[in-house]
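Shared chain: subunit A. Partners: subunit B in the first complex, subunit C in the second.
Here is the complex of A and B:
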């Protein structure tokens, strides 16, 4: 496929960002990773990605950051016609109940990862969410069998009448 | 819609093909034949180069024939000495021809079977007698896959069976060649199994559609009598080949398939509909109710009972029906404009013997469908074979039914590359095999397939048909 599907990581603390990106290494070959230190920078990155004809499949976002907080950024993303398809995951230790409710109701948050995370847990969530994304967008599942959840992708092919020709 | 260079080249070649016959006066070909030739060129270019999806080309083919060649079209409003135009309903009517309705029935059954997990539960039951030895497990997987793909789409069957073998793969050694054998046995068995029944795979529909235009009806059961013995031999050969080529190291393998049959009211209705329809299909020769009429049973029964809902109907693979209908309709004008006969007449066929003709048709069909859609291959080759047989230029013994079967069956024997069939593509996508593994095994199956088809065409099919 010509359109690239990006993973966007938004995190203000450099070490945390590095750790996240490191743990996502195995996805990089299929889903290029972009990072941003703040909501403001993230918006610019998002704009650039879509302007180049590409798209975002998954956003991993911290909550407490200088400037606009993570939940508000995700809500803004959700209101955008083009960008709201991206799967949204909060990676945070500090989002209160109120913020979390906000994120679920208004940003259609797909998953919440509490810091500190484990590599296995992160990979599992990212795999599941990107699999959801590929199926929701009706992209050809065969290209992602080796990296995402192959059983679910096969099940999708079985039930969605991908046929002989 | 944005076009890339490859698409633009494909579109241009097609358009050039469409108009080219208008610039040359081909001797012995009617004016209408020139138009039909142009449409044939366009269809062949678009189906082979795929600048558009193949089902879109099929509808275009129907449309072009309606506006250019039908009685209601621009060019031939009146009959001429050379050409009596068909009514436009002949072309659009292919969308509801008996073979299309037969496929519709098959789709509805398969759809409901998947919805209620009948395919998976049957697999569980049918696999259990095959034990734990790798060799017999592979055989079991192939038998079940072939059986299911005879009634469901080869692709959906492959997707389901891959979910059965993935857990096995996780338990056997990373370097055990059994992994390759397992990954290949599913798509290969699905490709071969599709041959077994008229509804197994679309190329069969093309064969049956073309024959019915010639007034020849092939009952469901008769097709199975013709095709199933060939499927069995091809399956056994492929099993043997895969076991020898990729010798398993593991001593025994476990398949844990837990689960139980869905026993809800709807599921029971489905089981009854499935069994009754298949029973009536295979016994067509005894009660002589046509299989397309029987195909309405599941459609009526499952929609009345709500087992198949409006949403399910919307999700049926309608594009496959368009594809087949486009192919059938192309055959109509190739015949009525005299194009098919003209093409056939321009080659000196009598210099070939019957056997070499059969080998050529089988070989070309396998070769083409390795690179093209199996249905497109059958669609493009069958009109030629039909006119070759009906015109009699190929001599006695060149039987219409047999040569059509040769093409249709051979089209399903192509499994050399990931692009050869969707089941191959699925197997490849799991990453357990290399293209070279597939090519090595697929070429052997293809060559064996050609030999097998020719042997059946010479000895077995004439015996059954006479």
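Here is the complex of A and C:
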């Protein structure tokens, strides 16, 4: 596993960012976490990750932030050839109907988590989305059996005739 | 005039009657009609000219939609069918007798001969005809001017109705808005009260947790690092990234990324403490102690924030006493900024709130004014910008609040209209954008004895100056 798959958390309130990152701790052994406090910073982080030969599997993004808002950031991500594969989750208490429609239609939003979230809910969504990502990218699911949705991964292996070898 | 025309007509009729009496030849043209008999119908050709000698007829016109209209009642001395007689057109009316009637009835082709043969008749008939024509002309003129007057009146009334409707509509909307604000105020007051209790519980619990936790520590190192955690500040993601590289050098034996990140958020003092005790106490436990302190700290900060928000929400809406009272306007401005922090956090808000005297006002209502102007400023600065709020006392009697932004300014062609009710540049249906914000603001400021001055800055952007007198309650 030389190419690393990152989880990116974009959130402007530091306490909230910290809480999100803490709740995702259990994934870190497989999916290193990066964080950013604004869309602008997030873009730089994304660029650095890809420049280092790694990739982003999942973005968890707040909506209301100073500067560019979360939905616009996700839309921009979606238009990028390399980065649009990343699964996109909006974590917000404040995106209105219009913004959410925008995100679904133009950023291919994969999930919406309303604040305040629970750890179980967050883990469930992240597990499902990363599982989707691994299957969509046709990566070997074997190494993720412990951390992701093993039932779906096994089913995937069976239908795609992937073996351990 | 009608009396003169009437007497003229009677005079001429006398001559005509006499001429007929004297000439048996003329008597054959007399015809009698009984009540309700029809002389001719609308659309018929009229081959005769009738001169009414006795009785009465009524001319009736049927309109295209089928309704009937009684046009005119004719008395002796009037001609019937004069227009058709002179133009040869078909009749526009139906002529019906309302009494037993006698008329002189002359066929068109006989007219010339009869008149030539009976000069005694022809003279008064021609005069009567002229008088009839003059009469009709006069009536036409009167009718025309009456119609004009009626049209004008109708137009005026239409205009008044429109105005009244607009006023009604605008006051209706104002009422609805006031009602909304009142309901909102009630909701806010109720909500604030309800949230206050859990916020207080949170605050108290975190305080107790802090002291309990502090006492539990047997180990000095734990106690110290826990306290450092309590005092810690959140670290930005950029700093975390930089610190993580540093930590990797400082703690080369720590491999777990999540652990490295946690260390990267600790102050140097805490890191030194960990290094100092690394032989005796496990790193994981130290980190855990630090984090516990931090979590308690976070709970405290968050619950204080909730309590503050609730407090300003309550004082912002001032639901309990929206009365005239001595107020410091700056308090209201500060509350408003807190309430709008969600929207203002996109922007640089510069406050320059100089000392101003207290004045008599309604805090809740004035807060609506600041809110309206600030929300408008946020709307024209979707990509960020600067807002400046200044207060100053221009004299002992005059307070000026100036709110400026560096947006695009207000287009010159609408700057005079922005205080009109229902004037909006926003789409209908949004929470804001009723087109009433500035109209209501203007009204509120007016009730406080002041006025709003709006202008565009030379540097771009708009300036709203609210000038208020200093008054006693």
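The definition used in the following text is that the second predicted complex is superposed on the first by the 162 of 165 C-alpha atoms of A that agree within 3 Å, B and C clash if a C-alpha of one lies under 4 Å from a C-alpha of the other, contacts with A are read in each partner's own complex, and residues count from 1 in each chain.
As a working rule, contacts are C-beta pairs under 8 Å (C-beta built on N, C-alpha and C of every residue); 3 or more make two chains touch, one makes a residue touch a chain.
On a predicted model such as this, the values are computed, not experimentally measured, just so you know.
Undergrad: Please determine, from the superposition on subunit A, whether subunit B and subunit C clash or fit.
TA: Result for subunit B and subunit C: fit.
Undergrad: Where does A:66 make contact in the superposed view: on subunit B (first), on subunit C (second), on both, or on neither?
TA: Second partner only, subunit C.
Undergrad: In the overlay, answer first, second, both or neither for which of subunit B and subunit C A:115 touches.
TA: Neither: A:115 stays clear of subunit B and subunit C.
Undergrad: Per the contact definition in the header, classify A:150: touching subunit B only (first), subunit C only (second), both, or neither.
TA: first
Undergrad: Tell me the contact category for A:33 with respect to subunit B and subunit C: first, second, both or neither.
TA: second
Undergrad: For A:18 in the superposed arrangement: first (subunit B), second (subunit C), both or neither?
TA: second
Undergrad: Now for A:3: first (subunit B), second (subunit C), both, or neither, which partner does it touch?
TA: In the superposition, A:3 contacts neither subunit B nor subunit C.
Undergrad: Just how close are subunit B and subunit C at their nearest CA atoms in the overlay, in Å?
TA: Nearest C-alpha atoms of the two chains are 19 Å apart.
Undergrad: Under the contact rule defined above, give the subunit A residues that sit at the interface with subunit B and also at the interface with subunit C.
TA: none
Undergrad: Taking the complex as given, what residues does subunit C use to touch subunit A?
TA: Residues 234-238, 240-241, 256-258, 261, 265, 298, 301-302, 342, 345-346, 384 of subunit C touch subunit A in their complex.
Undergrad: Going by the contact rule at the top, pick out the subunit A residues touching subunit C in the complex.
TA: Residue list for subunit A touching subunit C: 14-15, 17-19, 21, 25, 28-29, 32-37, 41, 45, 64, 66-67, 94.
Undergrad: Quick one: which bits of subunit A touch subunit B in the complex? Just the residue numbers, please.
TA: 142-143, 145-146, 150-151, 154-155, 157-165
Undergrad: Taking the complex as given, what residues does subunit B use to touch subunit A?
TA: So the residues of subunit B touching subunit A come out as 54-55, 111, 114-115, 119, 153-156, 159-160, 162-163, 166, 194, 201-202, 315-317, 319-320, 323, 373-376, 421-423, 425-426, 428-431.
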